[in-house]
Each structure stands twice: as structure tokens, then as C-alpha cells.
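Okay, so chain A shows up in both of these, paired with chain B first and chain C after.
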Partner chain A sequence: MDSALIPKGVKRCPLWQFLLGLGIVGVVLAWGVYAMLLCWFKGLNQTNMNDYYGFALWIWADLAVIAVGGGAFFSGLLKYIIGKDELKYIINYAVLIGFICYSSALLILAIDIGQPLRGWFIFWHANVHSMLTEVAFCLSCYFSVLTIEYIPLILENRQIDRVPFFHNLSHNMHETMAVFAATGAFLSFFHQGSLGGVAGVLFGRPFSFREGLLIWPWTFFLFTWSAAAYGPCFTLLITWITEKVTRKKLVKDNVVELLAKISGWMIFTYTIAKIFDTTRWANITAPGLGQTLADFYTGTAMYGYWILFAEIVLGGLVPAIILISAPLRKNPVWRVTAIILAVMGVSLNRWVMVLQVMAVPVMPFDKWALYYPSWQEVATTILPVAYGIILIMISYRYLPIFPQEAELNPIDDEPAVVAEINTPADLEPAQA
Partner chain B sequence: MKHEQQHNPPMKYGMAIDLDKCTGCGACMVACMSENNVPFKTDESNKLDSITWIRVYKLTNGKSFPDTDICYLPRPCQHCEGHGGHSPCVSVCPATATDYSHETGIVSQIYTRCFGCRYCMAACPYHARYFNWWDPVWPDGMEKYLSPNVSPRMRGVVEKCSFCFHRYQQAKNKAYLNGERRVPEAAYQTACTQACPAGAIVFGDLNNPEHKVHQIVQPDPHNGNRSKNPRAFRLLERLGTNTKVYYLSSREWVRRAGDNYLAHETTGHVSKPHH
Partner chain C sequence: MFPFSFEWIWDAGHMVFHGGLWYALNIIGIGITYCIIKAAVDTIKGKGSHDHH
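And then the complex of A and B:
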């Protein structure tokens, strides 16, 4: 029924199957929206946050999606600025995933603040010394950049593309994409960094406080570096999941391996920097403020030394080594394992930098405070996941996201279409 | 008045709380709640989400009978000055909804500007900041007893001890009408100070040698405002928060409980913070 909207040369599941899928995810989405409305109309008492846990599950989710959404800016940087041209076959998807991550982050922030209608005060009464101000400005600007990067992809839809105005618009936007990729990379450098700065500047909290360079604590650079390093892994993970769900190969191995290799080296260098940072903090910064590693990691079973090991070794060194080593990287099982470990590693890092910061007592007579989220928090955190799946489903069905799909999955029973897709025009990537 | 104020040297309102005198009666907490229209819930047993601008902590020396000893420590907002007004909480607020006054040294909270991001709460190591998880609900008829000088807060914003700032404003107006250049010591006192039956809290201008709090604390501006009084200490002094609430105790374990020390460090002697 909707075949006129489906890109040429590719096959999609029947409409009823698609709608059924949308319906199922839609129920989850509706559940999340219900919880969101509860939070907006009844207030944050719907959560299990408290005065010790002013930052909790949401802020973690926010930091985590922004970190893994870093795949968009870093792939753009690699393709448009550094000139890794093969990445044009995955960049559309990286942009789409980035768009989902960043819109989710903004939505979560809108739910998280106690007075959502005053959200604009962060721009209006901006305190330029606050890391959060920098985050707000760069995040919104970068979201606009991602939207601009996503629009040409929408314009590539078969029916929209037939309108000459949209066709030309999309063409012209492609021409200028390098400018947006550069702007995106610049903005990302700052907001990813400021998110790291959010925890790093808390000089009242020795667990998160770090010295740094000028006004930027070391966490500023570590967050930017880790987003660039781990973001592509998330792009690869979602690509792999999409391939499994659609039972199709969508991106050629050489593209995946290239991105995996770059990511591997980035994770490796990041982990080395993280080890230096941790060592310095454990031996100089924290003791200088009267606290030791034992104060941070032995107070409760939840935050034991295992978390350091899991973050740095399991989520850092192990995936880095797998992705750097050519034979391991080329083996899909190892590669996917590494990618999953990496995504878990960066998410754990963000967890530690939000929730463990809140948990560790600072006053000697204070106690560890633990927290578990309420269902409303869980539902609103799953909401962006459902929204992301829906957006991916729709985009995948109607837009030429994967330029190599038609080539990798020829449709035998439609010779006319196959002939058509072999023409260079249709193989041209969307170049978001 | 404004003109006149400019010629006054800046003030630094602060406190000295004698922990050897505090009996833990909680009168300061009650006085504060009623003075500042602090909302409360029917069930206040969960201390993680109930608002207590000044909270009395119970400390023990961890020893068993007969050596066991306890101490009560009232904790208002410490009105941190940090380095030049760079308080932990003020520096992070993205909307400038909390501010450090160089005129009084008081850290203010602008309820109508706060949008409830709670970053300041994450920044304050003293847990002096509280979020309004609910809209305030007063028992029937109690609205009539609310103080007209303090605005009640709506849900979704952060609040904290203001050193009864409205009292300062009233005292300032009165001083002006009386033709006085400065607010007299007795004219501006916080509710907790006045309520404490043991007289454990002394409040005043730390910069003014005539004020009792100055005489007790003897702050040393050349040493990061540390007290020259050997009985005095500040909470988490080594973090560089540069607080204006000083505590006094003759008991070494109490003074040691005020900060984090490495095993080999002696109480009261710590290196300078790194930042």
C-alpha cells in the first residue's frame, strides 16, 4: 500500500507487519508519555529522587545518550574533515542515531527540571561560569545542526524527492554538509566536555573533583575523548541490531571494520588517559582533600572496587584491544562483543560520574545514600528508547539510509528494479 | 542609603556554634521552620526528602561504654565564600538563581528564578540545600500564622538557609530611619540564634571586631579565614569552601569529625587544597 514511498531497489516487510511493530513499540511509548505527564503535572515527587540524589537515573541517561550519540559528530568529522570517504555508507545512520540521542537528551532534561516552564531561564539568566549553561547552549545548537543534517535524508524520500524544490534543496544541503560537520564537531567538543566539567568542577565533592587546564577540569577532556571513542561503537551496535532485526546485511564489512578500528584506537588512548587521571586523582587530588580510594569504594557493596575494574578494564582495555587487533576485529563475534562491552563501559563511566558522586558521603559523619528509581523514572527513561525505535523504523522503511542495502540485497524477482538500482544515480549515498 | 552603604566596609555575616554547649534539643530547627515558612509533610520521618534548613546531626566517637561520647552538630547553610565568592553552589547555578553577596557575605536563593535543575544540591557537600518535591500544604488555618516577611516556595525549586535575610533587610531599614550608619549587632540576629536555650549559637559580622562572633572566631584573613581560636574549626575546611559557620569544641574527636583526615594527619593541620 505504501510501496510508492519505499526507496527503489529495496524490499520492506508488509505494511501490516510494520504497523503491528509500530503498535507494540507505541504502547511502550504511551506508557512513557503517561509517566512523563505525571511528572509534569504532579511534580518530581513522582520520582524516587531525594535531597541526596538530586541527580539520578535521568541525568545518567542524559549523559549516556549524549556520549553514545557522539558517533554522529565523530563520524562526520572523520568523513568530511579527515576524509575517510568509506564512512559515507554509514554516516546517514550515525546522523539518525545522533538525532535520536540528542532529542532524547533534551526531552529528558525537560522532564528532569523542577519547573519545566522556566527552562528558558538557563538562556535568559545565563551564568557564564556554570558548566550547565555551556551544556545548554552547545546542546541546543548542536541539536539544530543534527536536524539540518537529518533533513536532506528526509528529502531523499522517493516522493519528496520528486518535487523539484526539495530535490534541489537536498542537493544544495549536501554541498554544504562539510560546514555543518565541522560546526557539529566544534559544538560537540564543548558540550561533551562541559558535561564532563559538570562533575569535575564540584570542588565540594572529592569523588568527582579534578584539577585541569585553565577553567576546564580533566573530566572535560576525558568526556569529549570518550564520546568520540565510544560513540561510533554505539552506531555500530545499532547497525548490527538493525541488521539482525531486518535479517539483511546493510553495511559492508570494510566500512564497519574501518569504524571499529578507529574506535578501538580511540578507546585505547582514552583508557590510557583515564588510567592516568584515575591514578593522579587517587594519589594526589583525593588524599589532598583528606579522602582515599577506600573511602570511595568500600562503603557499600554496590560501589565496590569492581566498578573501577569494570569500567577501565572490561569497558576500556578489553574492547580496545579486540578492536585494534585485525583478526579479532574481523571476527563478527569478537567485534560485537567488544562493541557491547564498550557501550557498557562508557555508560558505566557516566553512571559513576553521576550516581556514585551523589552516593559517596563527604562529611565524615554523613552516610552513604542509595537510591532506586521509581517506575515513573524507568518509564520516562524507556520512553526515548521507544521513540528512537519508532523513528528508526519509519526512517528505515521510507528513506535510503543505507546506500549499500540494494547492492547487498538484490531483489531477484524484480529485474527492472535491479537494473535501475545499478545506475550510479541510485547508488549515490544520501550524504547526510 | 545606597550612597551611605557604599562607604561601609563589606560585612561578612557568620556564626560560631559551640558544640560543647549544644544539647541537641532542636529548638533552632523549630524556630527556623516557623520563621521561614518552611513547609512540612504529615510524615516527616524520611529525612531524605523533608526540608530542614538547619539540621542537627548526632555524632558519636564510636567508642563503647564508658568511653562513649556524643555531640550534636547543628548545620545551617555554611554560606561558603569559596575563593572570592566562588561558592560551590553559586558557581554552578546555570540561571544565576543563587548568589553570593559581597555586601553581607550571605548566599541568597532566588526562588522565582530557580528552575529546579538541582545542580547546586549536587555541588553542596553539606547537604544544606533542599528541593521542594511537593507544593507546600499547611494544616487548616495555619496560613494565618505564616510570616508575611518570607515568601513561601512553590514546588520544583530549591531552598536553603538564608541567615534570616528578611531580618537583615528590616534591620537595615530601621537603622536607616534611626540615622545609624551600620546595622547594630543586636538588631540583626537569626531565629536559631535567639531560640537556642543553651546560647550555643553566636551570630554577627565576622569582619567587625566589635561583634562577639569576631572576638570568638578571630578569623585570620591571611590564612584563608581560618580561626585563630584553637577550639574552633570549620566543616570540610580543606575543600576550600571557606565557610562562615565556625564550630567550637574542646574535644579533639569532635574537631576531627569536622573534616576528612588521612590516618597519619593530625587534627587541624592539613595541607592547602590543590585548587
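And then the complex of A and C:
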């Protein structure tokens, strides 16, 4: 029924199956939208945020999706600026994942600010002394860049591509993509960094405070570095999940292994820098502010030393070593294990830098402040996941996301499909 | 915020932050405008065959 919209040379599931899948995920989406409307109409009293937790689950989700969405800018940098041409077979998917991550981040922020109608205040009444102003500027601009990178994919839908103007527009956007990729890398460097800078400049909270270079605390550089390092792992993880769901090979191993290798080296160098940073902070910075390492990790079981170990060793060194080692990297089981550990590691890092920062007592009379999100916060955090799955489902079905798919999965009944799409009804793009 | 807004101050913070913002927006705006105009010109010239990429 919708075969005229499906890319040439590939096979998709029946429409009823596709719609059923959309319907199931749509129920989860509707639940999240309901919770979102509650937050907008009734206010932030729907959350469990309080005077301790002005930043909570939403900001963790925000920082996590922005970090893992870093695969888009780093893959773009590698392909368009550094010239790793093999990545052209996965860059479409990296862009789509980045688009989903950043639109999700903006959606979460739109809920979190409580008064979305005043969202533009941060641009017009900008506080130029705030790291978050830089985040807002760069995040919005970079989302525009991701949209520009995603548009040519939409225009390559086989029916839209028949319109000469859209065909030429798509072609021209591909030709100038290096400019947008470079702009995206510039914007990403600053907003990823500034998200880390927010925690690093909190001199009243020794758990997160760091010295740095000029106005930038070390967390600024660590956040940018980690996003570039771990972002490609998320791209690879979603690609792997998509391959499992569709039961198809979508990207050749040499492309996956190249991205995994680069990611592995980036994670390795990041983890070494993180170990240096942690050592200096534990021995000089925190004691200089009147607290010790034990103050941060012995107050409650939830934030024991295990979390430091899990972040740096399990989520840093272990995946780095697996991805650097050629025999381990070429083994799919080891590679996927490393990728999952890496994504968990960067998510845990963002959790620690948002929520443990708030939990640690900073006054002698203070206690550990633990926080449990309300169902509305959980639902609105799951909302972007459902939205992302839906967008991936639609994009995968109708857009040529994976250039190697047709080659890796040849179909026998291609002539029949071609005959079907050449019926007169299919020649009308508006109906398509 | 523009320099003619009443809140504007000619200091380094405003110039760096807003200069960076308008710089990025200009590159994005000029880039996409170029693509659209060139696509329109190409279409008028009759280009649009499926022999690219």
C-alpha cells in the first residue's frame, strides 16, 4: 500500500505490522504527553523537585542525551573535516540519532523551565555571565544544524526526490554539508563543554568544583571530550539494536569497526584525563575546600565508592581496552559489550555530575539528600525514548538511511516491486 | 538581544556571547539561503536528473 514510498532495493515489513508497532509505542508516547501536559497546566508541583534538587531527573536525561547525541557532531567532524570517508555509510543514522537526542533535550527543557512561553527570554534577556546561556545559544543553533543535516535525508525519499526542486536542494545541501558540519562541531564543543562547566564552577559544592584554564573549569573539557568519545558508541548501539529488530545487516563490519576503534581511543584518552582530574580533585581541590573523598562516598549506599569504580573502570577503562584491542573489537560479542558499558559509563558520569552533586551535604549540620522522581518526571523522561523509536521507525521505513542495506540484503522480487511503484497513482507526490 | 535593545551593554561578555550567536546564525542562514537559491536556479535551468550521489 505504501510501497511507492519505500526506498528502492530494500524490503520492509507489511504496513499493518508497521502500524501496529507505531501504535504500541504511541501508547507510551501518549502517556508521556499526558504527564507533560500535567506539568505545563498544573505546574512543577507535579515533580518531586525541591530546594535541594532544582536540577533533577530531567537535567540528567538532558545531559545524557546530549552526551550520547554527540555521535552526530563527532562523526560529521570525522567524515567532512578529517576525511574518514568510510563513515558515509553510517553518517545518516548518526545524524538521525543526533536529531532525536537534541530535539528530545529541547523538549525536556521546555517542560523543565515550567513556563515554556517564556523560553525565548534566555535569548533576549541573556545573562552573559552564565554557562547555561552559552548552552542555550549553542544547543538551539546546533539543533538547527542537525535539522539542516536531516532535511536532505527526507528529500531523498523516492517520491519527494522526483520533484526537481527538492532533488536539487538535497544535492546542494549535500555539497555544502562540510560547512554545516564544521559549524556543528564548533557549537557542540562549546555547549557540551558548558554543560560540564555548570558543575565545575559551583565553588560552594566541593564535590563538583574544579580548577581550570582561564574561565573554563576542567569539567568543561572533560564533558566535550567524553561526548566526542562516547557519542559514536551510542550510534553503534542503536545501529546494532536496529539490526537485531529488523534482522538485517545494515552497515558493513569495516565501518562499524572503524568507528568503534576511534571511539575506543577517545574513551581511553578521556579516561586517563578523568583519572588525573579525579586524583587531583581528591587530593588537592576537595581538601582545600574542607572536604575529603570519604565525605562524598561513605554517607549512603547509593553513592558508595562503587559508583566511582563503575564510572571510571567499568564505563571507561574496560570498554576502552576492548575497543582498542583489534581481536576483541572484531568479536561482535565483546564489541557490543564494550559499547553498552560505554553508554552506561557516560550516562553514569552525567548522573553523578547532576544528582550526586545535589545529594552530598555541604554544611556540617546537613544530611544526604536523596531524591526520587515522581511518575510524571519518569513519564516525561520516557517520552523522548518513545518519540525517538517512532522517528527511527518512520525514517527507516521511508528514507534511505543505510546506503549499504540493499547490497547487504539483496531481494529476489525487485522487478515486482519496481512494476508496482510505476503505477500511475504513484507518480503523484502529493498523494504519496 | 540586539545592540539597540535597552538592556545591551558594550562589554566583553555581551560582545562575545552575542557575537558568537549571530556569527553562527549568519553562517547557518547564509548556507541554507545559498542552497535554496541555487536549487531554484538549477531547477529553472532544467537540472534535476537522478544521476548524483
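One rule holds in what follows: the second predicted complex is superposed on the first by the 414 of 432 C-alpha atoms of A that agree within 3 Å, B and C clash if a C-alpha of one lies under 4 Å from a C-alpha of the other, contacts with A are read in each partner's own complex, and residues count from 1 in each chain.
Methods note: a contact is a pair of C-beta atoms (placed from the backbone, for glycine too) under 8 Å apart; a residue touches a chain by one contact, two chains touch by 3 or more.
Bear in mind the structure is a predicted one, so any value in this text is a computation, not a measurement.
By the touch criterion defined above, A:I390 lies against neither chain B nor chain C after alignment on the C-alpha atoms of chain A. Once chain A of one complex is fitted onto chain A of the other, the partner contacts of A:A273 are absent, as it touches neither chain B nor chain C.
When the two complexes are overlaid on their common chain A, residue A:L187 makes contact with chain C while staying clear of chain B. In the superposition on chain A, A:M358 contacts chain B only, with no contact to chain C. Using the contact criterion defined above for the overlaid structures, shared-chain residue A:D161 touches chain C, although it does not reach chain B.
By the touch criterion stated above, A:M131 is placed in contact with chain B alone, chain C being left untouched. The contact surfaces that chain B and chain C form on chain A in the two complexes overlap at residues 124-126, 129, 133.
Against chain A, the residues of chain C that register as touching in their complex are 1, 5, 7, 11, 13-14, 16-18, 20-21, 24-25, 27-28, 31-32, 34-36, 38-40, 42-43, 47-48, 50, 52-53.
The touching residues of chain B, counted against chain A in their complex, run 46, 48-49, 57, 59, 73, 82, 88, 91-97, 113-119, 121-127, 129-135, 154-158, 235-236, 238-241, 256-262, 265, 270-271, 273-275.
Chain contact summary for the complex, chain A toward chain B: residues 43-45, 49-55, 112-116, 118-119, 121-122, 124-127, 129-133, 136, 198, 201-206, 209, 211, 284-285, 287-292, 295, 357-358, 362-366, 369. Listed in rising order, the residues of chain A touching chain C in the complex are 123-126, 128-129, 133-134, 137-138, 141, 144-145, 148, 161, 164-169, 171-174, 176, 179-180, 183, 186-187, 190.
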